[in-house]
Amino acid sequence: MLRLSPPGFLRFVQAQQFDIFYGGGEANVAVSLAQFGVESWFVTRLPRHEIGEAAVNALRRYGVNTDAIIRGGDRIGIYFLETGASQRASKVLYDRTGSSIATLQPGEVDWETVFEGGKWFHWTGITPALGKGPREALREAARTARRMGLTVSADLNYRKKLWSEREAQEVMVPLMEHVNLCIANEEDAEKSLGLKPRGTDIEQARIDEAGYAELALAMKHRFGFAAVAITLRESFSASRNGWSAMLLDEKECSTPYRSTRYEIEIIDRVGGGDAFAAALIAASLTENDSRKALEFAVAASCLKQTIPGDFNHVSTAEVQSLMAGGGSGRVQR
Amino acid sequence: MLRLSPPGFLRFVQAQQFDIFYGGGEANVAVSLAQFGVESWFVTRLPRHEIGEAAVNALRRYGVNTDAIIRGGDRIGIYFLETGASQRASKVLYDRTGSSIATLQPGEVDWETVFEGGKWFHWTGITPALGKGPREALREAARTARRMGLTVSADLNYRKKLWSEREAQEVMVPLMEHVNLCIANEEDAEKSLGLKPRGTDIEQARIDEAGYAELALAMKHRFGFAAVAITLRESFSASRNGWSAMLLDEKECSTPYRSTRYEIEIIDRVGGGDAFAAALIAASLTENDSRKALEFAVAASCLKQTIPGDFNHVSTAEVQSLMAGGGSGRVQR
Amino acid sequence: MLRLSPPGFLRFVQAQQFDIFYGGGEANVAVSLAQFGVESWFVTRLPRHEIGEAAVNALRRYGVNTDAIIRGGDRIGIYFLETGASQRASKVLYDRTGSSIATLQPGEVDWETVFEGGKWFHWTGITPALGKGPREALREAARTARRMGLTVSADLNYRKKLWSEREAQEVMVPLMEHVNLCIANEEDAEKSLGLKPRGTDIEQARIDEAGYAELALAMKHRFGFAAVAITLRESFSASRNGWSAMLLDEKECSTPYRSTRYEIEIIDRVGGGDAFAAALIAASLTENDSRKALEFAVAASCLKQTIPGDFNHVSTAEVQSLMAGGGSGRVQR
Amino acid sequence: MLRLSPPGFLRFVQAQQFDIFYGGGEANVAVSLAQFGVESWFVTRLPRHEIGEAAVNALRRYGVNTDAIIRGGDRIGIYFLETGASQRASKVLYDRTGSSIATLQPGEVDWETVFEGGKWFHWTGITPALGKGPREALREAARTARRMGLTVSADLNYRKKLWSEREAQEVMVPLMEHVNLCIANEEDAEKSLGLKPRGTDIEQARIDEAGYAELALAMKHRFGFAAVAITLRESFSASRNGWSAMLLDEKECSTPYRSTRYEIEIIDRVGGGDAFAAALIAASLTENDSRKALEFAVAASCLKQTIPGDFNHVSTAEVQSLMAGGGSGRVQR
Amino acid sequence: MLRLSPPGFLRFVQAQQFDIFYGGGEANVAVSLAQFGVESWFVTRLPRHEIGEAAVNALRRYGVNTDAIIRGGDRIGIYFLETGASQRASKVLYDRTGSSIATLQPGEVDWETVFEGGKWFHWTGITPALGKGPREALREAARTARRMGLTVSADLNYRKKLWSEREAQEVMVPLMEHVNLCIANEEDAEKSLGLKPRGTDIEQARIDEAGYAELALAMKHRFGFAAVAITLRESFSASRNGWSAMLLDEKECSTPYRSTRYEIEIIDRVGGGDAFAAALIAASLTENDSRKALEFAVAASCLKQTIPGDFNHVSTAEVQSLMAGGGSGRVQR
Amino acid sequence: MLRLSPPGFLRFVQAQQFDIFYGGGEANVAVSLAQFGVESWFVTRLPRHEIGEAAVNALRRYGVNTDAIIRGGDRIGIYFLETGASQRASKVLYDRTGSSIATLQPGEVDWETVFEGGKWFHWTGITPALGKGPREALREAARTARRMGLTVSADLNYRKKLWSEREAQEVMVPLMEHVNLCIANEEDAEKSLGLKPRGTDIEQARIDEAGYAELALAMKHRFGFAAVAITLRESFSASRNGWSAMLLDEKECSTPYRSTRYEIEIIDRVGGGDAFAAALIAASLTENDSRKALEFAVAASCLKQTIPGDFNHVSTAEVQSLMAGGGSGRVQR
């Protein structure tokens, strides 16, 4: 997806230039994984023209394998992003009608070939919201992945500008059957799955830990996930957020493990959730200790929010340094 | 329409920023007219969101009345423009599928109210190429304008990326009935109306004046236009063009009047034809001498091609100065 | 007025470019009103050249009616603005000697025509500080406005780089006779009217609420204003301010109503007071509840300070969303 | 003087940023001289504030001695420059009313101290056009310089936006008495001194060599100059100029020596004349052969016109390389 | 190699920013090949830090396989490039002392593995000029390539800032034994191999075709090349060049074939020779007709010179369109 | 030294441009001193080419005397700086191998001439870390300075990327003999001199005041410094730091004086220590009260950290205003 942002803190109506970034849920995860040294493939559909090519290049530049990307359709999905500050929220305008991915036909991707030799398949709740074609393709993919023994993770990622809660639940609930690791933020579970945390007011940046613990248990219980991870964002303002997460899995089976909490001076919060998912996957592939994996994921996604654009340009070493207490921002020289 | 261009001479695949301009055939004409002090209204349909608002603002900024613009639909048409140089042509990628103007419904614009008190209605061949709705709306508009006594001008503006020659001719030929002044470039008449100039090879920058004279006569004869104006671009390279025009009207009824010819070091040739149309209209409204009107139009559109963006930011005085021999580029200080 | 700012946080001596904004007290108010859907006219005098035209365009772009702007004189007033951060204050250098507005002659503006059909006239204390001509023109305007039944609001806006406190008081005190709504900040009343709040040290970001309440009462009592509004800025640093206001009017006649207080991470605080005045006017035109009007004004001007430039690019809906508790900066998508 | 230019080829009404350059006739000469290794002092008056300081810094940066610059007055003179292309001329808007240099008082500069140990005093016809104060100061300076044995050169530099031909001649003619080397362009002699070349049409880029030869002789004869140098610009367009010069001095006493002629693809022609004057002075200080000096001056000023800004950033070696035939633009690597 | 260029036509001493490009002889060839759909690998040595990584990314972005790049050493070679115009030549400052590639040790690259399955090995005369290590490594590479049956092409690319003609000849002459296709420009053969064209003055943009034909024959005769290609640049100025080439091979064995000649309005001529080499290789891999291959190479490298940066971002279709007469720069829309 | 930074908060791998700044320990001190009106000379060695010249110009621009700078050697030292935010630290990549200053030979600088008439010599611990040549030259300089009666100050400035602690101590300890005023930060004394503060954890932004007091006493006792100044940075994050200092001298001989503590919202912390040193020197030259001098130094260096680049562009008046309580960031207008 092409992201167009007015420079700095200019509003849309003031802009005379757009900064170009490429991004989107699964793309962001793929790039993050490649930064951590995990071989990652990104599957999508992009138009044949030069803007489509530039999107492919953006992924290739950061080490993602783009061989499975299908070229076709009329246009690349665009989103316009205006960066907020203080009490003024960032604003997203979607322009994805008729995009190449939205007009993907079931059967266009040969999932068996794609998954050949792979270990993990990750998808987000944005894809099925784009239309009937991508929804069907996703169902095929999830089914095929599980059949071929891949671990499947899903980031619920509810987007109210793409579909209603009712529509989302009709589609998402059945898809959960194929999911091993379910990732959600404070509001996703309610909007996408119909499960609500107790006693939390997101707008007021208040987090009720017990409520989320119950929620995680309910999710695990209802859908039989191997693991549930929930990111917890406290939005004090567009410039300052609290950031942490909790994880419930086989080991932490009754009380979720709550991570370190970071207070972030936000540069660009878009892609924070994707950075979390990618880091959790990367750590899960190499790390037995799920608490450490969660800490790695929270630290990695904290760093993402200090970097412009959708992608998380951080190395494993940088994340580990933050986990080890290096968040003081001292210049290394 | 939103135009996005990589800065300078960067290609699409190199760009990290897009320069934002707003433009499009009729919008460019409206802005030009306002610069010449002619009260001008622009009619289109734009989405309600901030990018739609920015497009309205761009017109308002330069004095166009935007009260008749309808707000609705999903998206603004976009075109990506890469600026060429020397042997490398500029490149346009259209992204206008599903744009607010393409999904305009006949009857949405109340043309009688729009034309109330007006004198002139100008349209281009791009509008009917956008879809059934705009095509119908245009038919209504042209019919209504003629009925209400407005002069109607049409710039044929054939765009091969929007429709085939056959489609174009099926739609454009019947529309000619409502046209007083027909404006075309070297290839439009052939592609849009099926009439071909003799002995000209556009790619080779060779202009056969006699061939174009015959063509103008044929157009006038076949469709009964009060006047026919043809712009003649000699493309030596993306950086250097010859530019002139010819006019056939009641006075110049057998041999078209051929204008002064300018050799232009191109900054941005997009909008050159629109600047020509606008200046011809502006001059026709105040000037009895059609040769002078043509000279004004050619000079004005020559200057456009030295200015970045779609719009022609020149005053009447600046055009007259060029007509009076002031094309030497001496600094005025 | 033309505002020239080094990009980002560069100091004047480092700059190789200036960002261009247009602004100035009353212009900012006019633009804000237009954003809220209030038809607004801006009256000033600008040179005939292209920089003057660009200033007109900047207003027109954002929907202000510029028909009453007089073109004449030699130059546009300029102010250079360097954006501060943390302990380093923003710095303003005025370059307005001999500007077109400063050389305005009494009688040049036909106020009766301007005010015909109007409801409200707003002016600021900067205008009379510019010279004898604008001072006289303002007196005519205020008198005419009151005679024709318009509500008159004045924002005291003392500027120590333009005149001394003594000069200011000599001019401003008599002008108060024509004012219905008087707007001031923490120091204006003392500098412009000779009335001092008790127990407040602006530099130390300490606000003595009782002192300001007394001050509002004193102002109302002495000049017979229908309403007095005081904005209260607590300057912790150039990057972080507290922001609130109080209002005394017929209903809140003995104890001013104190608004919600926002803590702002500042992007550009210039124009905050003008945004407050505009929003208070807009709300007063449609809203009976003066407390709500004040809350609207404080929220609107809070948002202004998160936007680069002098103008407040926010819609009524955005302000209402902040009033309803939406200041958490959560991305809407 | 502060120069503000829209980036690239944008017109004033399109600009959202200004590129900052510092320049002005004599300042440009001083910087050029310093680049050639000649110790040079620049005398002017600049305001005390940071923009004045930035102007001092710009000179100091390139090696000019700024110790004799007086700090005082209200504002720095500004000129807005829009860069033309092809048939569209560059446009200059002066904003120098009330500038610090225009309000300089006679006697403020201690010329004796300034000239102590100096060899050459150069001035341009812009200074006396700025007002009574600078005119008087200039008279003092010229007289003092001659009395102290310095060579005095004057570049006539007529500016029609600053004064009429009649005013110019009343002031300039008497000043010629103190001038050794008089430098003029194609139109200066007529406008400033009332002497007209025969058979030349500047706008048409036609140069009548014989006419200019006569003119040079007439100037030398009438005012007794030791030498007369005339630059000859053929303006084909804003993008392409012919450039050469002629020199008449003791040796070339009846027929001026005509230099090599360069055809220049213009980047920024402002400051071309100043670069010529500076290089002629530099060469005259070290070179006995006046033909070589003229060739050096023409080559140096040809190079200036390929460099953005007012200043000529070229070394002696670079000029000599062009004189030796190195104008082919081959990369040196 | 990291290339740092002041924006636009600014000189080094004026720059406040550098545009970043990555490039260098062989890297440019590799990128060009990838654009033409040829699988290409680039072998070099780059430091482990982020700037080294950015160089890898730049290649990967455009489809080059970077798996054989060795990470090590202290620094990436830098070159500063100032873009010339008209009579002012572009200027290159090398800063490559101690670069990772210059400190490459023989044996560090396992050439057998690199060449496994490959068809072609291309190198330029810059590599052996960097030092003893790269020189040795190159010798190994060329020998191994020939032994393994790859075609070897060499672009002589003499750089006088890297070594003297004597040093160059001592190293280059023996290396010619392993070369099948030798590519040179107007001066390379003389500087690198000691063979001189007759009657040509490069600085004067005069090309003596017969002289170059003799030169090609002499090269072929002396070193037994299968083919010799010579690019012919006529430098009229930094802004305008003539561009053509000649080819001598088995078929054109006595008189070289001379290509079409393009007159180019230069945007960035750096990398023109590399674009030529790449296109000649690409065409040679698929095309039997060596004249067509040469025409493809000349057209491709003509287009390169209209694109900023070192890399040639053109597709096979774009080159073919120019070959078919499409150099008129007409917008495609 | 040339500093190259990606704009804003972009990471190295994202950058398409570098912002250019010139800086480096002693250069920063020299510029700061010049801003405070102290005549300052900077001694270094820079290559003869244009990038070297640009470095000279950057110093000259801000009033530093550059006459003693030696031109020679191959390259200018470069450092790449990526600006951090929140938990992401700024990152420095040094590229100074083989720089002109690193290859300086002892004896190249004639220190006696340089110091003639001077009062103070300041050096930092970076210089001896660059190599044998600069180390020897520094020893000569320090000895000569003391012999000629200059005060010598040294800022320890340990850089772990340049040398190990052991190497540093071997060189630095003997150099202390020539130092009057020793300046250190929280970790320098330990790394450079082997003396460790008690109970402080820099990464955790915890400062143990008593520990530093002991450290200052130990330094003074061991090396006999006339004065010891220690800056104390509390790094809460890359965006927010605490900043203060302590001073031990003849008057504060047993308990160091602890300065005001500023909490800084960081724009650019690089050069903060140099700004401190410069301000302490400037104040020491004019001020008898060492507490006031320390307060001046802390306030000046606090302001530095709100300004982009290495240099501290603040005036004496601005520092005094902050000392007087003006840190509220109120706009002055």
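We just call them A, B, C, D, E and F in the order they show up, numbering each chain from 1.
By definition in this document, contacts are C-beta pairs under 8 Å (C-beta built on N, C-alpha and C of every residue); 3 or more make two chains touch, one makes a residue touch a chain.
Being a predicted model, the structure only gives us computed values, none of them experimental.
Under the touch definition stated at the top, chain D and chain F share these contacting partners: C, E. Between chain C and chain D, the least number of touching-chain steps is 1. For D-F, the matching interface among the pairs A-B, C-D or B-C, defined by over half of the contact pairs being the same residue numbers, is B-C.
Residue numbering shows that chain B and chain E use the same positions for less than half of their mutual interface. In this assembly, the C-alpha centroid of chain A lies 43 Å from the C-alpha centroid of chain F. In this assembly, the C-alpha centroid of chain A lies 62 Å from the C-alpha centroid of chain D.
Along chain B, residues 8, 11, 13, 16, 57, 62, 91, 266 each make contact with two or more other chains. If you draw each protein chain as a dot and join the dots that touch, the picture is not a line, a loop, a star, or fully joined; it has some other shape.
Under the touch rule stated earlier, the contacting chain pairs are A-B, A-C, A-E, A-F, B-C, B-D, B-E, C-D, C-F, D-E, D-F, E-F.
Put simply, chain E touches chain F in their complex at residues 4, 7, 11-13, 15-20, 49-51, 53-54, 57, 74-75, 78, 80, 82, 91, 93, 95, 97-98.
Chain B contributes residues 8, 62, 262, 264-267, 302-303, 305-309, 313-314, 318, 322, 325-333 to its touches with chain D in the complex. Per the touch definition, chain B reaches chain C in the complex via residues 57-58, 60-63. Taken in their complex, chain D has these residues touching chain B: 8-11, 13-14, 84-92, 94, 159-161, 202-205, 235-241, 266, 269-270.
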